[in-house]
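Heads up, the next two complexes both have subunit A, just with different partners, subunit B and then subunit C.
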Partner chain A sequence: MVEYPEIDKYSALDSPMHRFDPRAKIVAFIVLIFAVVLVPNLKLALIALIGAILFLIVSKLPLRFALQHIKWVFLFVVPFIVIMPFTVPGTEIFSFFGLTMTYEGLEYGILVAVRALSAVILVLPMIATSKFNVTIKALGELKMPNMLVQMFMFTYRYIFVFVVEFQRTWRAMVARGFQLKTNLYALKMIGRALGTLFVRSYERGDRVYQALRARGYTAKPKTLVEFKMRASDYVWTAVIIGFAVSLLVVPFVEVL
Partner chain B sequence: MREAITVRNLSYRYPDGSQALEDVNMEVYEGERIAVVGPNGAGKTTFMLHLNGTLRGSEGQIEIFGKNLEKMKREEIVKEVGMVFQDPDDQLFMPTIFDDIAFGPINLGLKEDEVRERVEKAISSLGLSGYEDKSPHHLSFGEKKKASLAAVMAMEPRILVLDEPTANLDPRSRAELIGILNELNEREGITMVIVTHDVNAIPELADRIYALNRTIIETGTPREIFFNGALLKQNKLDVPDVFKVFEVLRCFGVNCEKIPLSLDEAVSGLTKMIETEGGHIHLHIHEHTHDEIEKWRSKYEHH
Partner chain C sequence: MVHISDGILSLPVLAAGWAITIALLAVALWWSKKKGNLEEEIPKLSVMTAAFFIASLIHIPVGPTSAHLILNGLVGVILGIFAIPAIFIGVVLQTVLFQHGGITTIGVNTANMGISALIAYCIFKWGNKVGRSIMRKDLSVGIFGALAGGAGVFLAVIFTAFSLILSSKEAFFAIAIALILAHIPIIVIEAIITGSIVVFLMKAKPELIGGLENDE
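Our next item is the complex of A and B:
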């Protein structure tokens, strides 16, 4: 059996986040994520980060799994911490070779990083606590355009087929002595393998469409869903959105 | 008997201009099991795709229970003709098995409880209970194959068209699938058209064979087709292993009047033979055995 990099690997666990109605979960966390990326200062950003970590803990997702997913996104954030301190004008901390590190820059860099980190952490209790197909259904229920829902649905279904297909091609290459090196030849071969995968996917798309038509596909597939809001769903929605609103409102209150 | 499928003078040309099908004629009666055989590239899959209007021939016409396919609405066609494709990954396009099986019934415009009923029935009749919430990529090939059959059966078609249903299955899954198909045919009277290379399955799966190689070359019962040496050779077709074994036994002097095509037939044939010959059968090498074996060999050499 192939090991798939699945986002919903731990969707079968049991936690308040797992039991949370997927529709309410998506709406509540999206509001919170927007609030988190809009927090104006570092103090609030750190509170947001603590909040995000708490939600992650409540979701009972294993730390290793969480770090695996956070790691990659964080690679994109690191440049901000490095570049910002040297590009934002303000109070000088120190300078060398004509590069000046400023206090404001450092703060801004960290602020951006903390916001991003919090947002990424929040994606996990939102997405990884339901089976992905349930999340897609919830998006459909939330009136996301049908075309997009279908794209999600088919992408989710076929990404695994393509992974297996590429693995097969790759193994066939290795079995005939191909070695991955950083030379033009290796790059060329990988390009060709990807090209083959592309052509195969195109042909498969054709066959899938035939199969869809054979079962009466009319460009607007419907699925059966059973979502029901319970009291706890309203409570969690209130807690999350309440947290989001306070993150945004608190700075104005302080000013007053 | 009522004609379920009537194909008249069907021709089809690929977009690149090469002729895929030429003047194909076929009559399939209600409740009949038909095998379509032919070498690779003979146009079998292309032909199959005409039966539910996926492809439209340049000439000729197809009737489904007397109705012209051209004039039928899409929903009407898919309700009558279910199609099981060769690669279950092409056919299982929804994220879970439940959603996939429900897909067809929903498109037929059935009510929710009716859809659920159909899904449940299809799942239990194919032994897929417990798989409802699984994703196709977590299933074995055999399970996927059964799921794609369930997805089609949930639409309750009167005609079932299958492309290589037994290909790539392990022996046990293959036997299971053959059993399921025959049960569907017996219990629900479903008409079946099976495109296949699996000659060993044909005696069990088909009442009649159409040999296709761009056009219909021959039609007949499995027995008639498998005895037609010239036809087999010209079209790179093969006969069941049991059949070959008994042909060899014949060269060794076994006097069987009716060569069996399947294991079941072999058992009853052997029993009958032993009974009539006083409790045993004789194998011996006589003066023509060697020549006959040579002749037999050359019959199956496709050079």
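Our next item is the complex of A and C:
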């Protein structure tokens, strides 16, 4: 019914991306992702895609794992490839039953898809190569407001608790003969199961707060991880940001 | 699919999304500081955010396909202004843990769902003020809960369609229309589920609903 997030399943591997300082890694890849989504033509988008795949290979993440995480983007992108060739005006390729497929539409649709795919691939070397709590800590070091950093930590931690809790509720419902169908009764039952989850989590939130206070919690982050930039971190940052800048600059150079 | 992927929207739309989201987050953080007691708010808010995150992973069969719940209307009804940080955390986690949505579109997606959640909160709060004088309390809570739940998704879909059209009218207009049509069953499903959750909570734990004034 609901599954665990397993994004940092392979964070214990060893690769240049795993050794990359998490702060620099987040900044560099976010810059690159912004550059990738803004490339104006298909040629550059394909170069971006190749670059993204190279970073994925460098990260040594297993292909199966990568594909599992990448596949979701297709759900969103497929409509663009299917619909846009027929709705964007331009040079006709062929037409049938009053539908006209245009070259511009097809190209734009593929451009959108390639940019989306490249961006989602880049998320993996950025996020899947560190333990997720280390990533959150790095966000704090990068001056994200303390309240949000703390919320990230607690929320991430409690997702695992509630997956188990909801699975238990769900098993109990199924054991009593509940079937998931799209009817009023089933929806009401789901509503009640979720209502129970909210009530329990609200009460748990109270207990968590009391327990934290008893241990001296003051809403200030304290973790054992220490970050240190090394020479290789500067090199990788320069490589990634350099790639990003060239993706953005090249179109203007070509115009001149 | 109200979380737009990377690579689709234009730079002005992406920038506007981030600007709105950061402004809304700043208001929510300022509000929580004003109320004081941050160390009490954070664990409770996070636990609720996690619960919403789990709820949004549930897939409901819709005809031949399935859709997952969004529940941003419910987040608004329960958390009020704190729906903004909760939805922001939810959107970021969906993006980085499951790759639903995009990194550059975190701003747009949070703004689309967050503003809808705040409007849902207002619908529920003001609706109940009027509703309770003319009908039974659980009926009023159920009706306006369902309205808020449906409105939350409906508005989020409309805002998402607008984000697409603002990026490129000629390219994305048909997609935006398809997006709205595809979400009609989900709006109905969310309305029913939100209504039943809110009625359940009113009976089991009324203090949990921020949009409900407890006057008894």
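The working rule: the second predicted complex is superposed on the first by the 244 of 256 C-alpha atoms of A that agree within 3 Å, B and C clash if a C-alpha of one lies under 4 Å from a C-alpha of the other, contacts with A are read in each partner's own complex, and residues count from 1 in each chain.
The definition used in the following text is that a contact is a pair of C-beta atoms (placed from the backbone, for glycine too) under 8 Å apart; a residue touches a chain by one contact, two chains touch by 3 or more.
The shown structure was predicted, so the numbers you read here are calculated from the model rather than taken from an experiment.
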| query | Touch check for A:G216: first (subunit B), second (subunit C), both, or neither? | reply | first
| said: Applying the document's definition of touch, where does A:F178 land relative to subunit B and subunit C: first, second, both, or neither? | reply: neither
| Given the touch rule stated above, what does A:I136 touch, subunit B (first), subunit C (second), both, or neither? | first
| said: Looking at A:F65 after the superposition, I want to know if it touches subunit B, subunit C, both of them or none. Which is it: first, second, both, neither? | reply: neither
| request: Mind working out whether A:V120 is in touch with subunit B, subunit C, both or neither, as first, second, both or neither? | output: second
| query | Of the partners subunit B and subunit C, which touch A:P89 in the superposed model: first, second, both, neither? | reply | second
| Greater residue coverage of subunit A in the superposed arrangement, subunit B or subunit C | C
| request: Would you sort A:V161 into first (subunit B), second (subunit C), both or neither based on which partner it touches? | output: both
| task | Check subunit A for residues that touch subunit B in one structure and subunit C in the other, and list them. | result | 2, 132, 153-154, 156-158, 161, 204, 208, 212-213, 217-218
| task | Name, in rising order, each residue of subunit A that touches subunit B in their complex. | result | 2, 4, 131-133, 136, 153-154, 156-158, 160-161, 164, 204, 207-208, 210-218, 221-224
| said: Which stretch or stretches of subunit A touch subunit C in the complex? | reply: 1-3, 5, 7, 30, 33-34, 36-38, 69-70, 72-73, 75-77, 79-80, 83-84, 86-89, 105, 108, 112-120, 123, 127, 132, 135, 145, 147-148, 150-159, 161-163, 166, 180-182, 184, 187-188, 190-192, 194-199, 201-202, 204-206, 208-209, 212-213, 217-219
| query | Considering the complex alone, what residue numbers of subunit B touch subunit A? | reply | 49, 52, 54, 74-75, 78-79, 81-83, 85, 87, 89-96, 98-99, 102-104, 106-108, 112, 115-116, 133, 135-137, 151-152, 155
| message | Looking at the complex, which residues from subunit C come into contact with subunit A? | response | 1, 4-9, 11, 14, 25, 29, 32, 38-51, 53-55, 57-58, 60-63, 78, 85-86, 88-89, 92-93, 95-100, 102-104, 170-175, 178, 185, 189, 192-197, 200-201, 204-205, 208
